[in-house]
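There are structures below to look over.
The following pair of complexes shares a single chain, subunit A, combined with subunit B in the former and subunit C in the latter.
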Partner chain A sequence: MTTRLSDRATAEGRGRAGRVLLAEWTKFWSVPRWVMAMLAAIVLTVLMSVLSASGSGTDENAAIWDLYVPGPDGRPVQDSFHFVHQPASGDLTITAQVVSQEGRALDASTAEPEAGAMAGLVIKESTEAGSAYAAIVVTPGDGVRMDANFETVHTGSTEAAPRYLRLTRTGATITGFESADGTRWSEVGEVDVPELPDTIEVGMLVGSPDGVVVERQFGSTAVGQTSTISAAEFDNVSLEPGRTGFWRGNGIGLPGVGQFTEAQGRFTIAGSGDIAAYSGPGDDVVQLSLIGFIVGVVVVCAVGVLYVTTEYKHGMIRTSFTVSPQRGRVLATKAVVIAGVAFTVGLIAALISFQLGQPILRENGFAPPAFDTMSLSDPIVWRAITGSALLLALVAVLSLCIAVITRRSASAITLVIALTVLPLLAGFGLPAGPAGWLMRLTPAGGFALQRVVEPTEHLVDPVAMIAPLEGLVVLLAYAAGTLVLAGWLLNRRDA
Partner chain B sequence: MTARLVVAEWTKLRTVPSTAWLALAVAASTVLLGALATASVDTSQCPSATECFEDTTKLALTGVWLSQSAVVVLATLTVTSEFGTRMIQTTFAVMPRRPAVMIAKAISVSIVVATAGAVGVLGSVAAGRIILPDNGFTIENGYEPLSFADGPTLRASAGTVLYLTLVALLSLGIGALIRDTAGAITVTLTVLYLFSIAAYLVSDPVWSDRLQTYSPMPAGLAVQATTNLDRLAVQPWAGIGVLAVYTGAAVAAGVAAVQLRDV
Partner chain C sequence: MTTDIEVRDLRKRYGPTVAVDGLSFTIRSGQVTGLVGPNGAGKSTTMRVILGLDSADEGTALIGGRPYASLRNPIRHVGALLDAGAVHPGRRARDHLLWMAHASGIPKRRVDEVIELVGLSSAARRRVGGFSLGMRQRLGIAGALLGDPPALIFDEPVNGLDPEGIRWIRGLLRRLATEGRAVLVSSHLMSELEGSADHLVVIGRGKRIADTSVQDLLTAASRGRVAVRTTAVSEAITVLTQEGASVGVIDHGVLIVTGLSAQRAIALLAASELPFSEVSGYRATLEEAYLNLTRDAGEFSAASPMEAS
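Right, the complex of A and B next:
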């Protein structure tokens, strides 16, 4: 008996929830203006995305081969360091102790080595930049690591110099070891480099990647690079089996800065440059095709606000609350309806913007090899597209809740626009640190959901400074916080 | 007659509680955001303290980016709230010369906005005087304390008040054209903010320059520049002229719409 009663109560509750949902949905779609506005949101978003894609351009691809060389697989790589080497054939083992490392910027006098400055051992196909290799290096900031063919394959300890390093070649397999004292060795890892011929160049390398300089001038932030040079001392150098021929020093790749001296088996090598795959200038090609969402957000905000304030204006809200006295449920239902509509609008707008924008961007220079070709077959593209839809949905909920709080369209719309759009603009004029915090503290950070490239402080776009997840968290916090406040106020205040 | 009209509009504006709150918001947000922006910039972010080339006056006046949104609300409501409550029928029944009513509204809202804006600008410059030297913008590094005795700073400050007034009149015109509060505010804020963002996001220098020159907000705010004028897309007075053209067009269209349409 009791079970049946509670069953019926649940069923009735569910039925009532369904009826409230139907009622709120009807209130939305039966207002032609709002339906038109949502359709306009799609059109305007796509239009602005396409226009801004047409206005964006880059000459990165024209400049790329001036600074980079083709790697073993043909893709652009940076391959520059100072190489002290000799030819050797067959299986071998090279050992050396990196005694010390120091560095400085080429144009300034900072004596701090770059965290990424490298000193270590390398087995390389030839002295030609871009040729295949395997290396083990120690760095002041990141410890010991093993690289092969422009990728890090193994990471070792986090110790800095002094450090003993060893590379062993057995056929195509290269194994790296490190040691603190030269007697107890631990294996860092092994890697196969099938491109290596029988006779290779083996020896010591020193390099120092460019430092990034973020400077403010003329009221805006500019990002530049500065060349650095690092010097390292090597001792206890041995090449097995039993031959130590004549060591020659060569600057590999650009800029070819560097030198070496040898005294009683102790080598001092200075070098500049980096060994790394080309990482691109950081522009997010996916985000660039979704710029129009700044218009979409404004339109969705206006509709989200009106969905509430219109009921207050016409006293309809009293009828709504008389029919369903649980005000919290009405608010939740409204939130579901507007979020669903905004999500759909966002999904459609993002898909069309992406599909139309990508070919335009490729035409304007955002093409391989500097930029990866992005298509709907990449899962990360879908993350940005659903992220854009989620952005609109959450802004819609935020607008709805702020409208319940203020009960005035004028102040609600202005508040939401000032919170979600203005920080983007303000962020351009601020230094990177405060701009990043502005994104972490305002719902404008939600635009980071549209990005697929790692966050960086080296772009002027403030949204580029935070991760998509951080953006989602701040936007969710605003939507949830205002939802709770709105629900509380609804129950406290008269309708 | 006109004087009485202005008094009537002034009474309407003065007796609505939102006017005082919005005027306060204009002044307060100008000072607050200006102080925050000023505090976030210091000479250590530059290659050297003497090579910042920072426009400290412009920095101190950053607050108008936010406070103009309160101006938009205030000015839009002077027109749209009357349409919303049908008060406009009474107004036009009493005073059939509709353009005169619009001019009276424009005068009274301009007085409120200019006063609130002036208070905000004074506060911002005062805040800048206090904050800037602590952040390395000292006399030794080539930065005189902000002062109205400095010609460009005076022009930037007066220009900022003028900018806010023109934004108010732009909102008034768009409000008369659209008549709906939500719609008018959305359109005005879109016109102001979105074109400015687009100017930053478009990487093509020609288009970026065009957007800086012909968008109402970036063009109008060129009046705040006191140094590095050769780097501007549009010169200070020419820029505020661009905004004035938009404002003039919006007011003319708004007045024409009010004159031609039934209420």
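Right, the complex of A and C next:
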């Protein structure tokens, strides 16, 4: 025993937490099977992602121009409504009162208008579907909003008709106002539409988006649409400065659909259709290239569990706690190590999967215009990639903590798989509502971190129904909850 | 840094089973103390409580006056070998010691030093899964010595060792005590401690049966007895018993005489002209002393393996 250990000699400039971290990291890398398993997690994840991408396909692009028109920027848009209009030049103001709205399905009669039925005012480049525009509309469901070039730019009050609306054009700037009585106005917002020429078409619009019926069966969804029509009454229509030309009615996008009548300055306009950017079927091209993470999660779960249960199995947990009696610190350090390893694995696997998967998916039909081309220069792609890494990291922590709680490999792995993978399968067979809640209530929702498209109920995938943030919250809650429980049990139980 | 291990009124129960029942003893520096009792007597439980692994229901176990959990870098105060199998089989021997060193701020060169000390240098980079029980014992001992601690606890360290290993570990225990360390060694076989222990704490069913120095114990067990080697066994027995001694035969031609001094025995045998080749004070073995003790305690038999600990 030649080395005399003094406190000074052993401090080595590291804090206690840092030393325990180094110890737990040494424990991890010194078991080759775990390192191999984590490398295998990368390979398997990439392999399954690529296979899955190769097996996916869509004919969305083949049919897209039958249903959509190119918008001002060339991207597909739906642009159909009934337009009662006249040409006008220069700065102007149009005002009207939407007195009432009612609607029904075209094939059956329902008294209620669709919540999204629109009645309002529009300034449009031309009567060509897909041309530039700015509009202010009132809807029964969402109140007043201002749209321009197929995007909502401002939202106003949540009041439904009757409502006074006004659009003012000053150069390229369009300003929208609303009022309850036609005397006291409040501004909804303004927007620049530089595509508008000096002479535009101005007037009233009525539209009614299709009703959507989603039918879910195990493993598939069918999205059906029913056409609806909405009728609205307009009164107190004025176009400044002092022009009252001849009002013409056109079914934009849907020629021959809709009509209007005028009696003593009171207009009754019926129209159908929607004004919106193409939203696609909800398929998420980024997520589609990261499908292999379901395998990655299983491998990471197994390693996370074994990282703890082998210590119990061999009695090494006693050595660990004699070396570091602060058990909470040991647990936290283990969590940091396994989370760090899993995050790195996830990051690498996601990057490779994405880079290999995107060209395959594009070849299989997931290409513009129906699908945006995604690349690493899009920040949202990085959100999905780091989200995938975070998914693995948090599943690893969850596995570790459940392993501390059960102390048995088999039961811990079963439990984690049951919580993170099983709900995905079960979600396929459930109606949309329960499937969504299953994702919000189980850590399986964490897979939503891989999505970049808005939540939708039009897909089979239950994960598509919740937002990434919701998925992160539920997964974090499970990881943190089990961490607290595991820490409490560790301090309470004999080692 | 004096590091006595002090156990006071320790009580620990697992469900309905009382494992340790009001146990008190002190392990002093510079001595090898044997903790002896049959399997299931509470030896391992006591050691786990000392190391803060199991919590005592009552009583305290202090190391240099402090509970284990409050020690900074505890393996530099107390080194312990509880279970030689407590290593991940996929890990290399050196890596197993390396993580322990990292956690306690012990430099790497110390790892290589203890590997050399226990004679595992050639196996240091092999995976523990391929180790014999004896090699695992040595690795466990290396872990206990890693922090160069003033107190050491070994649970059944002789288990699985070959005779050479047993000799080695006895020497090591003696050396550690000579260096001034407090050494606690448990065993269910008293004979294993022969020649290495200075002090004994004998327990049975969680209770203390004896807390004594080996010297005192042997003296007590040997007291007043004389061994006589003679070829005239029956005549010698007659002569000696006539003088009031009780006589037993332990071997061919060896009598154990109680109640007479050696000089008196020689005088009697000489007077009767009986041949004898040796008359000496009888020295009891530790095993024998232990059997005496446990027979008095009347609670258990040291020879039967009994319940697993």
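Here is the rule we go by: the second predicted complex is superposed on the first by the 436 of 495 C-alpha atoms of A that agree within 3 Å, B and C clash if a C-alpha of one lies under 4 Å from a C-alpha of the other, contacts with A are read in each partner's own complex, and residues count from 1 in each chain.
The criterion applied here is as follows: a contact is a pair of C-beta atoms (placed from the backbone, for glycine too) under 8 Å apart; a residue touches a chain by one contact, two chains touch by 3 or more.
Note that this is a predicted model, so its numbers are computed, not measured.
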A:S30 contacts which: subunit B (first), subunit C (second), both, neither?
-> second
Check whether A:Q264 is in contact with subunit B, with subunit C, with both or with neither, and answer first, second, both or neither.
-> neither
So, A:S377: does it touch subunit B (first), subunit C (second), both, or neither?
-> neither
Touching A:L22, do we find subunit B (first), subunit C (second), both, or neither?
-> second
So, A:T183: does it touch subunit B (first), subunit C (second), both, or neither?
-> neither
In the overlay, answer first, second, both or neither for which of subunit B and subunit C A:A495 touches.
-> second
Report, in rising order, the residues of subunit A that make contact with subunit B in one complex and with subunit C in the other.
-> none
State the interface residues of subunit A toward subunit B in the complex, per the touch definition above.
-> 48, 52, 55-58, 214-219, 221, 291, 294-295, 298-299, 301-302, 305-306, 309, 313, 409-411, 413-414, 417-418, 421-422, 424-426, 428-431, 433-434, 460-461
Inside the complex, what are the residues of subunit C that reach subunit A?
-> 48, 51-55, 68-69, 71, 73-76, 78, 80, 82-83, 85-92, 95-96, 98-100, 102-107, 109-110, 113, 117, 143, 145, 147-148, 179
What residues of subunit A sit close enough to touch subunit C in their complex?
-> 1-5, 9-12, 14, 19-20, 22-24, 26-27, 30-33, 310-311, 314-316, 318-319, 321-326, 494-495
Where on subunit B is subunit A touching in the complex?
-> 33, 37, 40-41, 45-47, 51-55, 58-59, 62, 65-66, 69-70, 72-73, 76-77, 84, 181-183, 185-186, 189-190, 193-194, 196-198, 200-204, 207-208, 228, 231
